[in-house]
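Each structure below appears as structure tokens.
In the two complexes below, chain A is the common chain; its partner is chain B in one and chain C in the other.
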Partner chain A sequence: MPELDELEARLARLEPADFERGLAVFRGKLRGAEASYLETCVRCGLCADSCHYFRADHELKSIPAYKLSQVASVFKRHCTVEGRLASALLGAKSFDRAMARTWVEAIFGRCSLCGRCSLNCTTGIHIATVLRAARSALAEMGLVPSDLQSVVTQSLESGNNMGITKQDWIETVEWLEEELQTAVGDPGARIPVDKEGARVLFTVNPREPKFFPLSLQASATVFHAAKEDWTVASEGWDLTNYGLFTGDSVQAGAIADNLLRSMQRLGCRVLIIGECGHGYAAARWEAPEWLGREHGFEVRSFLELMEDYFREGRLKVDPDRHQDPVTLHDPCNLVRHGGVCEPQRTILRRTVRRFVEMIPNRAENFCCGGGGGQLAMARFQAKRVQAGGVKAEQIRRSGAKTVVAPCHNCIDQLMELNREYRLGVSIKTVAEIVADALVFDQPVGR
Partner chain B sequence: MISGLQIGVLASGVWALGLLGALHRRAQGYGRRELFARAAGDPRKGVAYAFGKGMSPAAKESAREHLPTWFAGVGYHLGILAGLGYVALLLVGIELDGMLRLGFQAPLLAGALCGTGLLVKRAFTPRLRALSCPDDFLSNLLATAFVALAFARTISARLDAAFLAETMLLLLWVPVGKIRHCLFFFTTRYHMATHFGRRGTFPPASFPPRA
Partner chain C sequence: MPTIEFSGKQLEVNEEGFLVHPEEWTEDLAAHLACKEEGLDAMTDEHWAVIRFIRGHYEANGSAPMVRSICRTTGVALKRIYELFPSGPARGACKLAGLPKPDGCV
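The block that comes next holds the complex of A and B.
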């Protein structure tokens, strides 16, 4: 349990000044909306079943209102007069070592920031936003679990979260380009690197070149079939941003800036975020806020782009190649937080013979359990897999043989759930499903 | 002639409204987040959805799966609204009779029963009790007593003093405890709705959204 000991050691070292700094950062993260959220909870408890953690363990500590109350109690005690004067009556509590430990356990250990509770809150509290502000405070105090923080540090130091060197990246792309040419039977097929002035800059989750190269090849096949003017970047190609999970906006902004600099360097017009939920939310919605400026270009999900291709008749597919029932997982950051809900459905309805929805789905879908940085935090692994049981049951009830997940973090978690809960399904990205169904009339790109 | 208790109720009302206004200013004093990301949806449509269909059991799993509690909550709040309307009428010297009185008695009785039910649920459900702080019980008790006494007052004018005194206590507590959600419910839901509306999550493409 080295991580556990390390965290306890860090907690033990905290000085009063650390708590003051944490509180200052927390206050600084609040705006009128969050201050309002912190005043509103009536602790009705109706949010409980909306949380996959609670559904899995039925523990008080997993109820969203409990997690929120730990933060709200500190807010009351340190930011309100009435909380200072009548703390016992109003449930106001000091931000001390015990509370910091509670925050870490509740906010990092039992929450994937999926936001499902926000939609189900009786009063409408956007709980994930408040808990992210609390994560920021913990980040300021050095209490982010070290393995999660190391992913952010890796991104800052090497430009991608897996430390893939530029040479390895380029060689992987070149190898995949050869594979693409063989697969589509067209020696003119390309995966352009650093093509200046290309319309589309395509960004990638480092898990693709590292562990799932066929996923990247599938995306390239779709671009090739659609005759897109596209490129990948030799540097600044990683779409992930774990700063979204640690709550450190400065680091998150620096990571996001990698993509923006690639766009500027190559002069592309549209930044396409590959299939990654948090990557999309970070680049599309959060990066402008972290950096304090509007993007001077369009940021879109690869799903939206593929939907365009279908609408414009640029892709021909044979749905008979996917005869088994296929279901769709809705990544929280892409769908609930990102608003990209229908393109993936439009695509799958055209690409597979039997598309079945999970129940519930879309913005009401359950988190797979891998979000919020959970996959990177070893100390909470058992809880993560247990909470993922809700998703496993959804998949089982769908009767599908294939689960499509437009998010590589979700795919990692779903693969673990597949093993743990013996689901016996295959798990693919949307691009993989489309690429497998593509029909080429004749070689293109010559 | 206005009695001392009536003046007390009016003063408590001023206290409640004044402090709620101060609380609102305090919350908004944290500032407004400047947003740079281009909107994908219409925040106004998000607000319309969140304050309309989005509150219905068809849209909310938490309501759908806990219908008795959800209906109790609705009944409770309708009772409180009826009680506030009733006390306002009493303050201007209007006594209800006939069908109008029945029209108030029904929601008041329902509200009192629902409030009692929710209080009992909070007290005897271990998980809910553990989630609660003393304010949860006090607020629930004050509001339930208010509705119950309002109902009783419609039957007997002799309870006038007790009802007005209870109204004073309730109004004094409104901005101090969690009953402040009578204000923050609206601001919170507005903020949440504009957030999800802007991102295109609200309103959902189909309704009910799970279909």
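The block that comes next holds the complex of A and C.
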């Protein structure tokens, strides 16, 4: 089914009541301050250069203020008295099929919700927050691109976003356990499954067991070296939550609850989110909002945990194993939105010989272009790869041979950029870099 | 919807080059995509073993196999898979085997 025609068919079916529901959801998502943002843009244009879409294509439609204005004009028309009375004067526009189509193109097609524009807005408008509220409205109206929605549906139906069966998951873990034992030369090395009362519950991205298990094996190697009391869960092990991207809070909450129920079932103390940007933001910051309750336990990134291990002297590494220059990508949801910025740097400075920052870095770093669900939406592929050109240039200028990305979603985009822009780099998780540098204590007497 | 031309036929693909109608797949098409999409010079026995297994699994189960099954059945080592298919098992091998794009972070 051609995606474009399918979207047109969905637009054609919209009734006035659908628009009403969309607007109600949009309004409900905005707090007072965020609603006031819709009136405060002064068109200074500084956000243009903050956006990787605009920097790549220089099109008016890619300027964050333009995207915001499409949303704000609808808000003015339908949610303010003056807008209802004097819509033409105020640039207020009706929420109709054409405008809904404009929203889909602007908010799903030209935005990865990376939030760099919010950071660089002279009047402090949380543009990404407003645009995400607009995604929620589109979700309510059934206008989420079908391939993005299918990832959410897969999570809701099977408990993970790739539909991996429990048997396939367990067999893969057992296989990786054998690989781990061989790699570290210790037949006692374990990847515990459903170990009740373990201190740490470790969660993973389904693409690891399905297609890229080396990162999972690397994480297990780190746990083994640190002698952690840890486990994975046989069910409720998927850290991803594409509900964050569609904006449907009910579905997002249901997906987040999978992890929380695993914690409850196994009685673990710390929920560790493997290297993933949106998974961390979803579980750590958004889930309490969605579910209307606080976590009764700690939720942390694996990066924070690995930093602890180094500080506590539980990991010994030989940085000479990594001689080539290594640079670091900052996943938006982990760093700009999530606040986990320094642990990965502390770890890399100890683990590799030459760590070089890309410029800009940390909260000011650019999105890889694959965030906000972009990788799942095939129809925006060309735009995504074009917008990723900004990241490709950052990488090239760093001179690094290895790009470390603590996010599987970013890694997938970076792999594509690596090919498209002929960067010739290798792309790794932080755990893979650490695992390759680990030095194990020799048993006494050898 | 984009198309690719192969053997005088127009085949529909999505914007990322995955076949829209997986039943249109042939081994000749796989060899063609290997060169055009994956940048491979030639298909080796190892490539064919992986692709035929993935295709067979898809036809029997309607989904892509776990990479563990690929390794176990074909005898190709895990690290070798990523050398054989630079875009990885999903965007590389599964695409050449004519599967629709898998859900998830791929």
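Operating definition for what follows: the second predicted complex is superposed on the first by the 441 of 446 C-alpha atoms of A that agree within 3 Å, B and C clash if a C-alpha of one lies under 4 Å from a C-alpha of the other, contacts with A are read in each partner's own complex, and residues count from 1 in each chain.
Everything below uses one rule, namely that a residue touches a chain if its C-beta (ideal position, glycine included) is under 8 Å from a C-beta of that chain, and two chains touch if they have at least 3 such contacts.
All of these numbers come straight from a predicted model, not from anything done at the bench.
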item: Clash or fit (per the criteria above) of chain B with chain C on chain A; value: fit
item: Partner chain(s) touched by A:A88 [first = chain B, second = chain C, both, neither]; value: first
item: Which of chain B and chain C A:A378 touches, first, second, both or neither; value: second
item: Where the C-alpha centre of chain A sits as vertex, the angle toward chain B and chain C in the overlay (nearest 10 degrees); value: 140
item: Which of chain B and chain C A:G45 touches, first, second, both or neither; value: first
item: Chain B versus chain C as contact partner of A:I125, first or second or both or neither; value: first
item: First (chain B), second (chain C), both or neither touched by A:R419; value: second
item: Partner chain in contact with A:C368 - chain B first, chain C second, else both or neither; value: neither
item: Contact breadth on chain A, by residue count: chain C or chain B; value: B
item: Which superposed partner A:S69 touches (first chain B, second chain C, both, neither); value: first
item: Partner chain in contact with A:Q154 - chain B first, chain C second, else both or neither; value: second
item: Three-chain overlay, closest Cα atoms of chain B and chain C, distance in Å; value: 25
item: Footprint overlap on chain A, where chain B in one structure and chain C in the other make contact; value: none
item: List of chain A residues in touch with chain C within their complex; value: 2-4, 147, 150-151, 154, 161-164, 168, 171-172, 175, 179, 205-207, 209-214, 240, 375-376, 378-382, 408-409, 412, 415-416, 419
item: Touching residues (chain side chain B, partner chain A) in the complex; value: 23, 26-38, 40-41, 50, 60-63, 65-66, 69-70, 73, 125, 127-128, 130-136, 138, 176-178, 180-181, 184-185, 187-189, 191-193, 195-196, 199-201, 204-205, 209-210
item: List of chain C residues in touch with chain A within their complex; value: 1, 14-16, 18, 39, 63-64, 66-68, 72, 78-79, 86-91, 101-106
item: Of chain A, residues touching chain B in the complex; value: 27, 30-37, 39-50, 60, 63, 65-66, 69, 80, 82, 86, 88-91, 118-126, 129, 284-289, 291-295, 335-342, 359-364
